[in-house]
Amino acid sequence: MTDPSAPSDPGSDPVTADLGFARVDLDRARRTGDPEVVYGAGKTPEQVLDILATLHARHPDRAVLATRLAPEALALLGAELPGVRLDPLARAATLGPLPEPQGTVAVIAAGTSDGPVAAEATLSVQVHGAAVRRVDDVGVAGIHRLLEARAEFADADCVVVVAGMEGALPSVVGGLVGVPLVAVPTSVGYGASFDGLAALLGMLNSCAPGVVVVNIDNGYGAGVHAARVARNARRRG
Amino acid sequence: MTDPSAPSDPGSDPVTADLGFARVDLDRARRTGDPEVVYGAGKTPEQVLDILATLHARHPDRAVLATRLAPEALALLGAELPGVRLDPLARAATLGPLPEPQGTVAVIAAGTSDGPVAAEATLSVQVHGAAVRRVDDVGVAGIHRLLEARAEFADADCVVVVAGMEGALPSVVGGLVGVPLVAVPTSVGYGASFDGLAALLGMLNSCAPGVVVVNIDNGYGAGVHAARVARNARRRG
Amino acid sequence: MTDPSAPSDPGSDPVTADLGFARVDLDRARRTGDPEVVYGAGKTPEQVLDILATLHARHPDRAVLATRLAPEALALLGAELPGVRLDPLARAATLGPLPEPQGTVAVIAAGTSDGPVAAEATLSVQVHGAAVRRVDDVGVAGIHRLLEARAEFADADCVVVVAGMEGALPSVVGGLVGVPLVAVPTSVGYGASFDGLAALLGMLNSCAPGVVVVNIDNGYGAGVHAARVARNARRRG
Amino acid sequence: MTDPSAPSDPGSDPVTADLGFARVDLDRARRTGDPEVVYGAGKTPEQVLDILATLHARHPDRAVLATRLAPEALALLGAELPGVRLDPLARAATLGPLPEPQGTVAVIAAGTSDGPVAAEATLSVQVHGAAVRRVDDVGVAGIHRLLEARAEFADADCVVVVAGMEGALPSVVGGLVGVPLVAVPTSVGYGASFDGLAALLGMLNSCAPGVVVVNIDNGYGAGVHAARVARNARRRG
Amino acid sequence: MTDPSAPSDPGSDPVTADLGFARVDLDRARRTGDPEVVYGAGKTPEQVLDILATLHARHPDRAVLATRLAPEALALLGAELPGVRLDPLARAATLGPLPEPQGTVAVIAAGTSDGPVAAEATLSVQVHGAAVRRVDDVGVAGIHRLLEARAEFADADCVVVVAGMEGALPSVVGGLVGVPLVAVPTSVGYGASFDGLAALLGMLNSCAPGVVVVNIDNGYGAGVHAARVARNARRRG
Amino acid sequence: MTDPSAPSDPGSDPVTADLGFARVDLDRARRTGDPEVVYGAGKTPEQVLDILATLHARHPDRAVLATRLAPEALALLGAELPGVRLDPLARAATLGPLPEPQGTVAVIAAGTSDGPVAAEATLSVQVHGAAVRRVDDVGVAGIHRLLEARAEFADADCVVVVAGMEGALPSVVGGLVGVPLVAVPTSVGYGASFDGLAALLGMLNSCAPGVVVVNIDNGYGAGVHAARVARNARRRG
Amino acid sequence: MTDPSAPSDPGSDPVTADLGFARVDLDRARRTGDPEVVYGAGKTPEQVLDILATLHARHPDRAVLATRLAPEALALLGAELPGVRLDPLARAATLGPLPEPQGTVAVIAAGTSDGPVAAEATLSVQVHGAAVRRVDDVGVAGIHRLLEARAEFADADCVVVVAGMEGALPSVVGGLVGVPLVAVPTSVGYGASFDGLAALLGMLNSCAPGVVVVNIDNGYGAGVHAARVARNARRRG
Amino acid sequence: MTDPSAPSDPGSDPVTADLGFARVDLDRARRTGDPEVVYGAGKTPEQVLDILATLHARHPDRAVLATRLAPEALALLGAELPGVRLDPLARAATLGPLPEPQGTVAVIAAGTSDGPVAAEATLSVQVHGAAVRRVDDVGVAGIHRLLEARAEFADADCVVVVAGMEGALPSVVGGLVGVPLVAVPTSVGYGASFDGLAALLGMLNSCAPGVVVVNIDNGYGAGVHAARVARNARRRG
């Protein structure tokens, strides 16, 4: 790779698109292997539309992603962008063809209420180039469900474990397999769960070795990390 | 039982022993079935000695208990009170004969480091009238250890589960059996465990039904509750 | 009991019902003595309906329970499930006959505003097989109300104490009787109550021996624990 | 009173004594009725000595007070200041005659471990001009002890209630009498008491009307407030 | 006074009114000098109406108070209770004649936004028997405003200081006068004020002697304490 | 300057305007160089209008500012105050001519979502007498954008850096230039950002020397400080 | 792999070694690919010695690891275990030959004070089968140091970034390369760093995509995860 | 200035000194106007010595600074570095001649206990090129002391206000003058001051306009910012 801080060559592609309200980082795929993603929270539907279209124009042969979309933003994208794929459960949208998957990520969710976060993780894995295998509703209070499903995740290249409440599931999964494991705390719970803080702390203190954690409800971040792990495991050999 | 707030009969036993620095509650066993216990923290060894001796004089036929004892207090009790039994791991001492046990409590500990808290719980159960079965070092990162030991706790009258770090063990145990279960978070851990807060929050948010929780490192409180549950299960029928 | 992790016998009843969005734990009653309960928060009314009907089909002779129901879910259950019993104050519903009660739980509430949590605890006790005696509005600022009512809870098999604000009531009750006691902090209060945190911390630090605690507003969890304690006290002898 | 911000008359007494390391507020008694008090924490024994001697020189006919004194500071004051009175339990010292007491403050402590804070409150009340009646070791887990002692505080002019752990005592006292009541949380406790935070939050959320609170372990602040309330109740009529 | 825990004489007035949803403490005025107050949060308008009417029937010659009233509750009281006085800014209502004021409380507010809390404090003082002098909008960023107004509060019998944001005003007032001072933190502020936590902590750590504190936005609690202080200062002499 | 606490001369301008609900500090410009600013939160539109008009009448030749305005307040000001300038993004309004700018402040924002806070900072700088240069959307995940823009802020008289999420931007900017730098954390983020707390803590712990911080979302405070720094840098020489 | 919960074959190797004080998980390498690691905190030197020797006997051809060792434990291991390798900076020890490294992990540290945590991460990577490249003292306040060193980490298979204070380094590194990245917050800092909480929150809220986080000072956990990622990237192809 | 990220010219001075354990940023003075400062916490005395000597060699004509020095580090520097100046109260050391001061910073401290932090601020201002005027022990509980001293800070180029406990002093100073003001919370206090958190929150929520804040006890950071503000105010005109 070249020096990321070098002044851009006048004849080369621009590294930034100035939309007035945003400087879109057109150079990110060159530096990191993946295009910039639109974080929809705090942006108007029109801003989301503009940035996503700009990124698609730069990367026409590869899916670009927008997350944390309000219903209004989903509706506007659906109306204005031909070919856009909307995922209302994940509150996300993609434009352009998904990359050929390399490697597999298992996305495991503790309960039905963790579904939206698991969906965001799933879509993020796919956009970043890996395949997904889903294992849902295997919370630790019925441990037989998890043991029955062990074969579904034991040979994945990376595992994403999504759980709210006490967030115990990653510790149990992490003791069953040695696959690289990313834990996602969710805001599912009440009272002293403090909107996901209990699950977050639980996962950070997991007694299983090698558990790593992302922000509360951050299915996207877990998906990006897991996809990179999985595709490298298959791509490089 | 009689009215606890009724003025004490002049001819009857006094309900309070005034030691100057403390009003010992001599009436507690009548009201609650168990004598007062000496909480040693913040008291001088001499104060612990005086209160324990006072309680023993009132209840000569039944063990009385002192907890949270500094080494100096343990040493003084050992030197001054014939017949005292010291438990340095639990940092506790008892004086007088243990009651005949009724019912059984399983005390399950996640790791070796949780030993002192499990020891305090064990002794507290015994002093309050039930038998104890210990199951140690069965943390969730090696779930087979817990499954192998299931028979040791599945038919107890109450289960006490002691764990630090993420505190996931009660959720798994609580999904395997329907025995009344008390969870004890310990201060084992570091960083974002915040001296046991992570385990406490995890246990309060357990997805297993009916898990109840005591303060961090409070083996004593869990032991009292569990003993009362266990002895009632056997005594009343 | 049999090994909970053993592969299910092909000819036996299935241990899991796969509804697509959920893996219902049909085996829980065998393992723990009580069927799975539907936690309604974060689920659509249709999902609640499906799971509750599935559980009822498995356990036709015993009440199954759904908690934390939005008005829409209560309405749908009322319309679609003949014989369902709705409890709007507890925000819960049951289907099937209540078990014959064994043992008695006293549910004590500090104030009128704690009513919904006390109602959830009450119903949970009944569904899990014990009888309930209610003692309401006996906060510590008028201690005579509690002392007058002492006879109503002194001989129960377990006591559930529900309180918000400073959460002092369990300490006072716990000093009056030796019945196993479960404290439920509620989110009643304002300012530095921090949505029930003050009451939760107060109860965790109770100076009365043997007080155990559940999550803020978790009447259900207290009810399950108390029912198990109470029914064992009567059943086993 | 005169304008506190007016430039000081050249011929009058100075309002500030500049000791180099401190500007002693010699004017405070004129403005507020009480001399400045030396807060010993973070000061060297020599600094404490200098300030206390300076205040005594200004107020020879009235006791001045130093609090939060390390053993070294207590020793130095004892050696250098003839007539000083040391109170090691309260970690405080006074110099000069106590004022004639007007009105009475009841200082109630929940447990033996709260003794040092109660001692600081007691001395502070006396230095600020009121009499003290002590009621010790009347925690709520043995409510009969408090009810027996009710006559000792029901007719005081102000009540100071000192308690750690869950801090429930002020709520019970506040429901028994209508005397102005100041609650002092102490750092007595462990685990989720968080060095007195649980007691502080409990007292701030007291369901008893009119309970006011000071900082954790701040016996001094409670004593000053209570003495002012008590002496005004007697002085003005 | 008589023993508050004594069984009530059959021929005497009842000490509790059982409304089904509430046990109204009819005995509180005898024990504490003031009737019970209706805390409106978490109660239906009909419940507020019932309790207030019950208290008024017991205390026809003295104002009774309801606080934290939603607009619906204020409307219902206005429609159903002849003679009720509504205070929408304080979100409170009173029924029955105010007592003859004894002593004076100065209620000082830092800013316009603190008005509702100051109004609740003001009304609570009046209902509990003292007169009020208001001093508004004298925040510390314009200290001359406070110094100009000093005469308005320097000779009060008690001072209530209401402030949000950093909560500095009590420290400045407390350095100017020696009147007993109650500080009320308000939830005015944003960001790291954390809904009044910054002001609460500031006031608890005031460097001015004798500052006592109530819960965030608790004008009622401050008013009760201050009224008791003020009326005792005038009544007893 | 004169003594701020001196009694006002009867013949001079009044230092306070009493609007009934507010004591407007008309003297602030004399003491501090800048007029009082109207903080709109918690005030009715009519109160905002009255105070802004009063300040404008006192300072007709200099812009006065109102911040944190609800849409209703913006609308009322627009309708009632000829010449008012509304800034809906900043949620602010000004009345009267902006001062001639002296010195320049660079306002740097990490992302598009930080726009409203950057707008409040920008307007506040202008009202307090300095010029602004904006540098937007230069978050640290694309460091080349910041390096490219370095010339735009390296020679400013003060830099304001606005960022949410992890709040890392001030540390990077602070290592590139030695201009006095004010960091503004924003509430942009989710989960463990805790409404801006993560960014606030990050900025307070910046490893770059001399970074100072204001409250979450407090563009106004940063703007006032920066303008004073910038205008002094140019004015005094 | 085989069923982890299957009863162990009587003729096969035992899956657990019962040392009395610990049940050593001898089966972990079979399930997860790596042997159990000895967490030394809270264990006596003798316990550490016993467990490490037991693990070494089971895995003689592969290094086993003990972490968080007090000086006494390090000394005992050095004296009793021939061939042990001590790493005092990392506070760790290994016994047995390191595995042949597959893949490379870059361990990047922000400052000199982060050295111990980086050392623990380094050793953990090596024990778990990957090579390490170290890049030290490249904090964001001198961004040129990091840019100069970019080639040292841009082609690694995984990156571990260790930083205290505001924890900004992972965000900048994460914007420069697309390598899977694990962030380790350290307790380096003071005041509002709250022993690493500021860095932890900063990293959880990183604006760079795919950043995952471990507990404060948890170099071990980051090392395990990174080694698994790196060795899979090379092993499987 | 030149591009900070440009590759260094082979013939020019090196921008980094590699000491093995540290990469000293020799280029910082060129980029920011001030040399790197040695943060002594977490470094051995020998490391501090090496870095300070390296920086001095690069900047022989200008003082370089080391802060947060343990007594051992102070002693070693005194023994090994001729000409070093030690400041034990500030726990800091400087080497090389102080720059000619330009502009003046007033450092105001609330109490005697804040002295060490004020000393660190003072030295930091001087090393970074401005003069200091000290105003000590002017806490808000004796407001006349501050008003008397107003002339000492009203005409400074920048004001640093150091305070613990409730941290109210910056608000009062900020209302008296319009000088750019930096607030430094200190860890002076106890109980609910939470080691300076109360003062930090108070200052962040100051009602005085333009108050900016640094980390708890961070006299250094405040000094750097203030010196830059002050010297620019004088240098540039």
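Each chain carries a letter (A, B, C, D, E, F, G and H) given by its place in the written order, and its residues are counted from 1.
The definition used in the following text is that contacts are C-beta pairs under 8 Å (C-beta built on N, C-alpha and C of every residue); 3 or more make two chains touch, one makes a residue touch a chain.
The structure presented is a predicted model; accordingly, all values stated were derived computationally and were not measured.
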Farthest chain relative to subunit G (centres taken as mean CA coordinates): E
Over-half contact-pair match to D-H, picked out of the listed pairs G-H, A-G or B-C: G-H
Chain of greatest Cα-centre distance to subunit B: F
Same-residue or different-residue interface between subunit B and subunit C, half as cut-off: same
Length of the line joining the C-alpha centres of subunit B and subunit D, rounded to whole Å: 37
Geometric centre distance via CA averages, subunit F-subunit D, whole Å: 43
For subunit F paired with subunit H, centre-to-centre distance based on mean C-alpha positions, whole Å: 25
Residue list for subunit G, restricted to those that touch at least two other chains: 4-5, 28, 141-143, 147, 174-176, 191-193, 197, 200, 204-205, 209, 215
Contacting residues of subunit F [partner subunit A, same complex]: 111-113, 115, 136-138, 141-145, 147-148, 188, 190-193
Sites on subunit C touched by subunit A in the complex: 4-5, 7, 15-16, 21-23, 25, 27-28, 36, 39, 41-43, 47, 68, 185, 187, 195-197, 200, 215-218
Residues on subunit G engaged by subunit F in the complex (per definition of touch): 110-111, 139-143, 165-168, 171-172, 174-176, 189, 191-194, 197-199, 201-209
Complex contact set, residues of subunit F against subunit H: 1, 3-5, 28, 31-34, 37, 147, 150, 154, 157, 174-182, 200, 204-205, 209-215, 220-222, 224-225, 228-229, 232-237
